[in-house]
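You will see two complexes here that share subunit A, one where it goes with subunit B and one where it goes with subunit C.
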Partner chain A sequence: MPIVYVARRLLMAVPTLLGVVVFIFVLLRVVPGDPIAMMIPGEATPQDIANLRAVYGLDRSIGEQFVIYIGNLLRGDFGESISVKQNVLSLVLDRLPATFELAFVAMVMAIVIGLSFGIIAVYWRRRWPEYAVDAANAIALSLPEFIWGLILILALSVMWPLFPISGRIDPVQAADFKTQFYLFESLLTGRLSLLREVLEYMFLPAVSLALPLAAVIARVLKTSLMEGIGQDYVLLARVKGLSPLRVLLRHVLPNALVSTITITGLHFTFLVGGTVLVELIFSYPGIGNMLYGAAINRDLPLLQGVTIIFAVIFILLNLLIDISYTLVNPRVRLA
Partner chain B sequence: MSELRTSLWHSIRINPQLWIGGAAFAAIVAIAALAPWLAGHDPMEQDLLSQHLPPFWLPENNPSFPLGTDSLGRDILSRLIWGTRPVLLVMVLGATLSGMLGVVVGLLSGHFGGWLDDAIGRLIEVFMSFPPMLLAIVLVAVTGPGLDAVVMAIVLIGWTRFARVIRGEVLVLREQDFITAARVLGYGHRRILFRELMPNIAPIALALFALEMGRAIVVEAVLAFIGFSASDVPTWGGIIADGRSYVYQAWWVMTLPVICIMISVLALSMFADGLRKAIDPMMQR
Partner chain C sequence: MNVLDIQNLHVAFTQRGRVTPVLRGIDLSIEPGRICGLVGESGGGKTMVGKAITGILPEDARVTAGRILFKGQNLVDLADKERRQLLGRSIAMILQQPTTALNPVLRIETQIVEVLQRQMGLAHQAARARALDLLNTVQIRAPERVLRQYPHELSGGMCQRVVIAIAFSCQPALIVADEPTTALDVTVQFEILRLLKILQRDFGTAVLFITHDLGVVANLCDRVSVIFGGRIIEEGQTADIFTAPKHPYTSALMAASPRHDQPEKGLHPVPAQIVGQLWREIEDYDRARSS
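Up next, the complex of A and B:
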């Protein structure tokens, strides 16, 4: 019964979410370091400090603070940012589309690169394309997104000036958009030159996110395809006179995709987490960069809001991935 | 003597990763130890008249700054050399502490099972609900920048990797006959944990440790990149941050520390593979 399974998985996410909320509270309030002292200038008087503490409720006991904090979260109130003086939730929601589009483009790239490399390696197995794919995989996997981002900046923007390395769009053109979904908006309204520009800005950050995942996909797909081509049904299909490429794509690939999708799901959260880093390197205005701003300005409510929203996204993603396994592979449901 | 030499050669031939990775690690240690003698300049010394000098293979270089200078006219070679010290400190300390914490938690969780295992499992799940770098940035934002904060951040995001793997290993081991025998003989928990289980998880823990050192370098570099690491000593990530701002004027400033980090990370992951191969008899075919 998939519905029972989905309901049970949803219930299991509740204690995790509670744990996340408690953990963030402990990290931000109990860890040594005074949140007020870190956000005020040096010339503030003790009276200023006391006033500010009262404004943010930090003069109360830890227990009281915790109750207020949970109460506010339950009402969807993430407080007001100290540095920007705006509602935290609306600030984060305003930035979320940028991160979402980046992760989306990176995932599409990872799947396209990963699938084609996996298929190429198996179709030309025991020849140079397989060895080249293996070598590329090993290199892509052993370096993190941070290093890939910097290498791409040096190669495709400094040495060979093809792509911009900062921001999401030329600030002048940002006014042309009504929503924060630059990619989808320009696509749906058919403004192709604008779309091209958006993709140019997104290209390098997306590739640095996509490379490690693409390597994982290529490797898993290659292994499952290799297992597949040894099976009897492949021999049968060949005997029936189908070409090797057709057998590979029509008969072996669909079976191999199940395990590939499973592993891809597991690693997709790594890609989403990697946006934090990649946004920093490319000054890309998503929520990762907002986290950086909040950290630099010691903006406690904003820091807290970004952290909680990221955790909620992570938990929901894991949930979605788990549920989609049961759709792809009914055997998982038994577990 | 010649016997020793042939056995060394044999070892290098069957497990080159171990030796290449180990040599690279030894080189970092040596450079860090000898930094005052290797570096030609004070790494913090500014010379605003010689900003962004190119390295020796480009025209208009200055031979006294072999790898050029950064935006404040500081000698990049000396900064890279001195930068090995925070790198070494952070990777050894960060990996050791997260390894110790993770191994102990994993051992206890796998060995005792029951409510303890459930609680630890929940805790790990909470930690896995955040992108690791996000946790690191939030922690350093709260505690304030510095190398000790960087080490804490590495431990905060690193221990779960050890705990998960070790727990899984222990769950497999506890079903094996030698653990059952130890129980039947009436050995206490401490003896089973440290004398029976520990030696069996040591190889995998050691390999994870080598990988964690590589990750620690990257975490430090990222935190230094956003100005959250030490500010009084040069770090590789700090040089990258400076170079990123002027990448079109002076590409070499960013390139050189990136190469250092790449080599270190690749060497440590080779070292980890080599260690596993050397210690784990199952992998020696």
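Up next, the complex of A and C:
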């Protein structure tokens, strides 16, 4: 039963999350860098510093700090940000929709581009479309997403100003939204001009994130499709007199998707990781950008909070990938 | 008129500009409603004959000369679209491995219905009803359940029955059966052969039966062609071939088949000098053609 399966997977995620919490907590306290030093003015006395450390509980041993932190976490309290002086959970939840929408759009783009390029390359194999796709793949794969971000800004915002360079929406229009889900809200309320605006802001960061993933999907799919076309069941499908396109889409593709999802599944989580730098480059107000700010300011509670949220996203994404895997492969049952 | 007339068929692989012939002037005919055996050892080219007829040669292989006449129509220079009108409807195929011949991610229903929809122009409901009939015809119990199942939920014998159902679905004039029982165990093999024979007779279908199993040929086929190195070295009525083989290779091939009723006979490989002689003839043939 899928529900039982999902419940079990979520239960299994608890130790993983605990591991993440312990790891990030200890790591942040053994690496050099002091959050207090980042916030005090130059004329502060040692006594001031000691007082401030006590306020944030940093004067206690790591063990003690950890017990207190875990206790608070279990009550849903992620602590208060040192640099912004606000509740970490509400800060993160406020920014999360922006990152969620960006990653969502990027993934849809990557899937659409990756699938169509892979299919095109195989349908017109040994002809120019295949070579064009191979070349495009090589170029897209050779650069990481943040370099693509810079290239796209230079080309499509600076030299040829088609898209806004930074941000998520014109600040004036931000007031029009009731929720932080700009994309979904404008879509559901049917405000198409606003939707267009949101998409224009999102386009360049989403493309930078999508390109490397799309190339991976296209390449793996192409290989899987090529392997598939020699299979017996494909020969039999051809002997049924089906058109080459139907043979490819109905018989070869579903089987190729099985291995493609297995191999590219991990890369979807890379895309989420990639949001950190891409959001930074495009000054996109998501949690990736916030993570960077928290790291610069040694804002321990905020760093921990964002990291835990990232871990939760990774776990849910992996679960989603495994579920989609079973949807395309009837030989695997959820158990 | 013959259902199938293969005349001087040549097929060759081209890899990095190197041409390797696999079929060297095959001649083969099948009359309507007859079963013709194509016998030979591995690598002899028998599967290539089947693939050439159904137009599923590997991508680096192609017909370099000759004609494949199906009811007088040359399949070799037929446009893909016209060929697809014939495939499934007039020419069908049964493959060696039933478990890999069915698509693992599609339900049995889809795999039978799609050919009925495409070739007979049936609506989905009508096609489904016809699929049920077909599964009954190939003696599958609980056909309703089987329609909803995936290939991995069926045994090899059941899968082969489904493949046979697909092959006969549009009552084709010709079925190419490429070692349809080789991958099955002996008891299932017998049932499948009997089923094939019954359906072939009922529908009046001509069958090209490709195999290395001479015992099966003796029981099933009206005529036999023996293939070696991409050439037909002997052809005739099954009874004649078995009682009085003209080519030493044919006799050697028959002597090589183990006989359960004569265990004292032992095992006899085909003598090396016969094979060597055949290969010399083939080399001469290739030289003569290329010069």
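Basically, the second predicted complex is superposed on the first by the 302 of 335 C-alpha atoms of A that agree within 3 Å, B and C clash if a C-alpha of one lies under 4 Å from a C-alpha of the other, contacts with A are read in each partner's own complex, and residues count from 1 in each chain.
The rule is simple: contacts are C-beta pairs under 8 Å (C-beta built on N, C-alpha and C of every residue); 3 or more make two chains touch, one makes a residue touch a chain.
From a predicted model like this one, the values you see are computed outputs, not experimental measurements.
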Item to check | Three-chain arrangement built on subunit A, subunit B and subunit C clash or fit | outcome: fit
Next on the checklist: Contacts for A:Y292 in the overlay, against subunit B (first) and subunit C (second): which applies, first, second, both or neither?
Outcome noted: first
Item to check | Touching partner for A:L303 - first (subunit B), second (subunit C), both, neither | outcome: first
Checklist entry - First (subunit B), second (subunit C), both or neither: which does A:P144 touch? => result first
Checklist outcome for this item: Between subunit B and subunit C, the one with more contact residues on subunit A is chain B
Checklist entry - Angle at subunit A, subunit B to subunit C, CA centres, as a multiple of 10°? => result 90
Checklist entry - So, does A:I62 touch the first partner subunit B, the second partner subunit C, both, or neither? => result neither
Next on the checklist: Tell me the contact category for A:L27 with respect to subunit B and subunit C: first, second, both or neither.
Outcome noted: first
Checklist entry - So, does A:D232 touch the first partner subunit B, the second partner subunit C, both, or neither? => result second
Next on the checklist: Quick check on the superposed model: minimum Cα to Cα separation from subunit B to subunit C, whole Å please.
Outcome noted: 16
Item to check | Footprint overlap on subunit A, comparing subunit B with subunit C | outcome: none
Checklist outcome for this item: Given the complex, residues on subunit B that touch subunit A span 122-123, 125-135, 137-144, 215, 218, 221-222, 225-228, 240, 244, 247-248, 251, 254-255, 258, 261-262, 265-266, 269
Item to check | Touching residues on subunit C, where the partner in the complex is subunit A | outcome: 51, 54-56, 58-59, 80, 83-89, 91-93, 95-97, 100-106, 114-115, 118-119, 150, 152, 163, 166
Checklist outcome for this item: Given the complex, residues on subunit A that touch subunit C span 126, 230-233, 235-244, 250-251, 254-255, 258, 328-331
Item to check | Residues of subunit A that touch subunit B when the two form their complex | outcome: 15-17, 19-20, 23, 27-28, 31-33, 35, 38, 142-144, 146-147, 150-151, 153-154, 157-159, 165, 272-277, 280-281, 288, 291-292, 294-296, 298, 303, 306-307, 310-311, 314-315, 318
